[in-house]
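To keep things clear, I will list the structure first and then write my remarks on it.
The first chain written gets the first letter, and so on, giving A, B, C, D, E, F, G, H, I, J, K and L; residue counts start at 1 in each chain.
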Amino acid sequence: MKILIIHGPNLNMLGKREPDIYGATTLQEINNSLAEKAEEWGVDISFFQSNSEGEIVSTIQESMSNSDGIVINPGAYTHTSVAIRDAILSCGLPVVEVHISNVHKREDFRQKSFISGVALGVISGFGINSYFLGLSGLVDYLKEKS
Amino acid sequence: MKILIIHGPNLNMLGKREPDIYGATTLQEINNSLAEKAEEWGVDISFFQSNSEGEIVSTIQESMSNSDGIVINPGAYTHTSVAIRDAILSCGLPVVEVHISNVHKREDFRQKSFISGVALGVISGFGINSYFLGLSGLVDYLKEKS
Amino acid sequence: MKILIIHGPNLNMLGKREPDIYGATTLQEINNSLAEKAEEWGVDISFFQSNSEGEIVSTIQESMSNSDGIVINPGAYTHTSVAIRDAILSCGLPVVEVHISNVHKREDFRQKSFISGVALGVISGFGINSYFLGLSGLVDYLKEKS
Amino acid sequence: MKILIIHGPNLNMLGKREPDIYGATTLQEINNSLAEKAEEWGVDISFFQSNSEGEIVSTIQESMSNSDGIVINPGAYTHTSVAIRDAILSCGLPVVEVHISNVHKREDFRQKSFISGVALGVISGFGINSYFLGLSGLVDYLKEKS
Amino acid sequence: MKILIIHGPNLNMLGKREPDIYGATTLQEINNSLAEKAEEWGVDISFFQSNSEGEIVSTIQESMSNSDGIVINPGAYTHTSVAIRDAILSCGLPVVEVHISNVHKREDFRQKSFISGVALGVISGFGINSYFLGLSGLVDYLKEKS
Amino acid sequence: MKILIIHGPNLNMLGKREPDIYGATTLQEINNSLAEKAEEWGVDISFFQSNSEGEIVSTIQESMSNSDGIVINPGAYTHTSVAIRDAILSCGLPVVEVHISNVHKREDFRQKSFISGVALGVISGFGINSYFLGLSGLVDYLKEKS
Amino acid sequence: MKILIIHGPNLNMLGKREPDIYGATTLQEINNSLAEKAEEWGVDISFFQSNSEGEIVSTIQESMSNSDGIVINPGAYTHTSVAIRDAILSCGLPVVEVHISNVHKREDFRQKSFISGVALGVISGFGINSYFLGLSGLVDYLKEKS
Amino acid sequence: MKILIIHGPNLNMLGKREPDIYGATTLQEINNSLAEKAEEWGVDISFFQSNSEGEIVSTIQESMSNSDGIVINPGAYTHTSVAIRDAILSCGLPVVEVHISNVHKREDFRQKSFISGVALGVISGFGINSYFLGLSGLVDYLKEKS
Amino acid sequence: MKILIIHGPNLNMLGKREPDIYGATTLQEINNSLAEKAEEWGVDISFFQSNSEGEIVSTIQESMSNSDGIVINPGAYTHTSVAIRDAILSCGLPVVEVHISNVHKREDFRQKSFISGVALGVISGFGINSYFLGLSGLVDYLKEKS
Amino acid sequence: MKILIIHGPNLNMLGKREPDIYGATTLQEINNSLAEKAEEWGVDISFFQSNSEGEIVSTIQESMSNSDGIVINPGAYTHTSVAIRDAILSCGLPVVEVHISNVHKREDFRQKSFISGVALGVISGFGINSYFLGLSGLVDYLKEKS
Amino acid sequence: MKILIIHGPNLNMLGKREPDIYGATTLQEINNSLAEKAEEWGVDISFFQSNSEGEIVSTIQESMSNSDGIVINPGAYTHTSVAIRDAILSCGLPVVEVHISNVHKREDFRQKSFISGVALGVISGFGINSYFLGLSGLVDYLKEKS
Amino acid sequence: MKILIIHGPNLNMLGKREPDIYGATTLQEINNSLAEKAEEWGVDISFFQSNSEGEIVSTIQESMSNSDGIVINPGAYTHTSVAIRDAILSCGLPVVEVHISNVHKREDFRQKSFISGVALGVISGFGINSYFLGLSGLVDYLKEKS
């Protein structure tokens, strides 16, 4: 079972700025922990981060031939990208949307998600643990289906 | 660590009707599985289901003195109950909101949640697994805090 | 053929207050007339009134095993209850929504019905006769189907 | 007692197209059944169908001098015609609005009715039976008033 | 002169939680002070608190035969309950709506009140004193009318 | 100078129904008075009334070759007809929009006019005198231009 | 018969700036022409212009004791002043609202009038002639009433 | 293969007015060119123009028995006619919607089309060529299907 | 303790017009009664009325150096004045907003208050008694604080 | 005559996924067919596909010096990209917007196009034929202009 | 070159209240600094402050004959005054709008400006420096034009 | 002191197209002038232009370690990019938003800025001078802070 983790724009800044909001853990450390957990569960895992909407679209398209599912934190593109929505629809893989903070407590324009409507499931507000819960939920789903 | 699971209106019908949407598992079976998992994690767990908004409000208030956190599936009251929102604020416990289906794929009036803005985190769309992910997220949060 | 008549909040006040709007007939008298008509048509009929949203939800759920259809006047819950809507969907019975007054002539917030979208049919504005027309429409529907 | 039945645009197509939605009964057959029922009740009944908003307006105006009430299925003009609304107000007769299907289950633009606010009562969703329930409701109303 | 004081959902928590917002006075202490003031003014006073919308509706209905007026703090039901609005209309008593905090400084969804439009008067923002001002305004009104 | 007076739907009912709103003068009497006034001012005047949107469109088109200006009371089509708006634009004549009652005091849907944006001027609320003021304003405009 | 003409903010600039929009006639010249016409009709006429909302409110209040009606061009306050609306209601005189240009052809925020709903009638788009038509309509109304 | 071309309200004015917007070609000339092109492609073609919504509805209904498809320029009825939408649904033929100008560059109320949602395809902005592109697209579609 | 009472636009008309709505008491009489009550409570009181938004703003600014609190009935400026809101914020005094009538029962545009969000408390609907309740609430607040 | 065909995000997936919606033809095959047709018409044609908004903007800018017109299927960027709109305005070339499916039948957020307002024309709903109709319309336009 | 600086309502309070938001500099000190800078640049400068909308309108009108441009901080009237907007249009001078704080970070009702649409340019958020940047921008503009 | 100037999409076209709107100065010439001015002020300045949202996000992130502030003209991304907003928040530097034209005079969708709410200040409408005023405002701010 192969799973791709996609981190959207500005998530490469994790642990470097605004630690009171996003914590002190860096993206590299999150990826390392996810990799450990994945190994424990016997899952192949790979990572991708980009600030570019187009590169994320292309990566989702390519995942079609080499992944079984995606965990994505679309960051700011959650609220503005129809292109990523279409890429998810087009690739046909189950996709879990995760957010570190509870977006429901933030600005109005963050209440609208173009992604949730095409996602398998959505998880938000558990800090970095959102990634682990999302990975767990996706793995369970894939095991049950196979 | 004591955790209360609250099931909102119509969830007592799980497994009895519309199995194509909500699956064939009954609420009793879900509770049994959650109890097993809780025991495994060394967590005290109790359950409550009601179709009455007022009873859910009262139960949340009482949980203040005998629980450390709540996992709630508010069902239809997600979209109409300011009273449950106020009860959550008032009790001061961390609350995780879970939904079996992905509400973002359903009617417009289900897009507004009065609960998400006061929840620790939100999980939706993983079927019955949403409960397990929510319980897991809450337990991790409480352990880290203590 | 068994039919349940549900009267929502404040309908127990019929005939006691505001006779210029709702007429001088009490709820008991309406039920008596409906019972007579039902007997004439060979239909088993029972009645339920509550001011509590949760009790109405529970009653709809229970009707699943002992009724063939429901005539409901949801009163004020017409405009605020997603829970009753979900209960109707869940019970799977044909439900006819009736209103004594023509709600389209009243306040803006009474223009939105959460119930109409899941009802078999809707009748409003005929005074107490709305109940008889609704019962008649439901009986015809059930006869044709069986 | 004289009652006019008005069928709005496209209703002349009943029974000829989309039988899964509107049934296989033609408008002529509906009119015949209504005429039989009217005869049984001792009611004079006449019929009018038009695809033209202006002709329906004129017919309602003329009914003022030769009818006691109107049963109208305004079809698509329900949602767009202020002129028919004004004609109903102007003629001063009691008017019952009927719809074959439950319009509350259809597109958003069918949720707004210019007619309901000036109608005696509204009936929708009972198939062709909506006409009979509407005629029955109107006849009862007129008898009680006289 | 008999006056009923109704406290809505979560007000039983007063003085137990969030003292910085709602103060340290418990609901029992408020009721005691109101009872003293009422005695001084020669007014019969009684109290009711419930978290259930339906029970509040029923209590308002019953007050019709044994009260001259109502002071109600509808709490969260202020913003969601058409049923309580209808009960107030139906009982025909003068009703004063009070709020401890100034709701105009809080969330958007607290700006809409279903109750204000049918109340005699509205008072908000004076802390617990809102109850005394409301009681005083109602007593003055009833004396002047009699 | 030739001027066409157009009366929209239901205006043929003037003086026959609802005299408390629209007065007791019939459309024929209004036309007679307008004709007298026109003769006094040396203006050729003609009249047209129709309940049909299409016929009004056609009449406006034909006026192009035999009129210098139009006074129109579009009645209910004021609020729903883009076709009449387009006809006015297309005919190129100056058009004055008049209303007997002050539409700003009526329902919300009468606040929107498709005609005002392409009219020379708008007059409402002077009763039948609105027609005379409109005719006067149009005649002055045409004299000044020629 | 005494009539007061009120010109709102910026109308003192008429004829001095933007002649292509508002024409080359100054406010003084308009007043002179109106005075001539009034004399011809045997009407006492007086004039008031102010850029201040408060002064216009005060002037309307004072007109109560020395005028029979008002013609007002509220200028920009048309769209923002509830205080002038209240003053008109309070003074109890018939008020005609006039506009030089057709406001329906201008910006969105000019589509809302706080004044039209309390005016006897509204006239717009006839250039300076709007004042004469408005005066004429008001005089006719007052003559008919007396 | 038989195709019906329908021209909506005001299109009979083509070439007679506003040539800078709609060009100098008359409707008759357009029909002649379309007839030539149709002959070249071996297609039977007929034409219909009306300013009346009702007549267009009736014509679409009748086309059911003698046409294989329709090219319609609904003109102003694009934005206001639910009746034409229903007629298209009811007749079951493939319908192509065409507009001479690019309606997306015009007023807001022209952005809403009741027709596009039930059309096979939509073409706008190519001047008279929109008709030829639309006819071409419809013919290709019908050939492929047969 | 010094308190300033501010009456907004049109309140100088109290008792002179529309006695059925606002009662027969004049503003002078209200001020006299408030002065008596203030003397009884040992409070210095002064009064200000203006129809001008700017003068009210200036008066609030000046109150900063010679008052301890303000009771204001902003009249129509409640709904349109950001300037008065800013003056209240700027002066730093506790301000109580009062209304004679229950504004929640009036037009839509009176539902929005720019003042409530910066007021200590809000009282409406008790007739002239609203002023006394507001003064009482303010005096209690100031005593408790000192 | 040189024409550039631009395919927006996810269109490189054509023929690879969701054949029931988008058909089985790949983007390469579409380009080959367009190239053949172009050759037949004596037109130079080139192609560009990208998932990146920025690259599409840059390509439109560069086309200014080497193309006579553009046919663009902006895909998801239709609904979110002001940058592409600005690039089209800036390059000054005639641009035809095409869509394979009828976007009017899809989600609400696909109803808004930032591109249509600056396009020469718009074509949607003819499947792959939309490209040929668009190319044909553009070629006709350019020939006529030259 | 003569430039007028206009300060709107409540700006006379600068430096006297809320120094954490608006700084400790008084309006007099700002004017002194602006006067120095103006002298250095060889510009005649004058100042005006008012809390009255009407006085600001009048001052803008009068500036027409004795100023070359205006720098205005409209304060709260930014969001409510169409009259000041019209005065700016009418006077024909270039006007620069400045704000001390960044209004985009404040309440929703401060997001709408009636002034920006008729201003030469807008500057906000630089504290008192906004005035100097605005003056500088206006002087540069006027020099270039002359 | 190091300052980064960022030019968003399509700004590389400055001086090459639409000189009547944007002037004849190229981006290179603007940068040269800004560099001269910066040298004069003793400020290190660097430049970046991109049509790609992702590259702008990355550049803002990197500026964190080598700049003291940013002047950005976000072009079309002003209205659509939450990602750039988040990058500004994340980098923690003071950012000044500039626009060459007054965006408040343009289309509706240009009225919403995702950037203004997180900017130090906003300047628009002074042509190329907007850059110099923005740079000046930022330099003053940084000097004062250090």
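The criterion applied here is as follows: a contact is a pair of C-beta atoms (placed from the backbone, for glycine too) under 8 Å apart; a residue touches a chain by one contact, two chains touch by 3 or more.
Being a predicted model, the structure only gives us computed values, none of them experimental.
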Chains touching both subunit C and subunit E: B
Copy-to-copy rotation for subunit F and subunit G - C-alpha atoms, rounded to a multiple of 5°: 180
Selected pair, out of H-J, F-G or A-L, that shares over half of its residue contact pairs with C-E: A-L
Approximate Å spacing (C-alpha centroids) for the pair subunit D, subunit I: 55
Chain centre separation (subunit F, subunit J; CA means) in Å: 47
Rounded Å distance between subunit H and subunit I, as computed from the means of their C-alpha atoms: 64
Interface hub residues of subunit F, defined as touching at least two other chains: 52-55, 80
All touching chain pairs, where touch follows the definition stated at the start: A-B, A-J, A-L, B-C, B-E, C-D, C-E, D-F, D-H, E-I, F-G, F-H, G-I, G-K, H-J, I-K, J-L, K-L
Subunit G-touching residues of subunit I, taken from the complex the two chains share: 8-10, 12-13, 17-18, 50-55, 75-77, 79-80, 109-110
In the complex, subunit H residues that touch subunit J: 102, 104-105, 113, 116-117, 119-126, 129-130, 133, 136-137, 140-141
Residue ranges of subunit I touching subunit K (in the complex, touch as defined): 52-55, 57-58, 61, 64, 80-83, 85-87, 89-92, 114
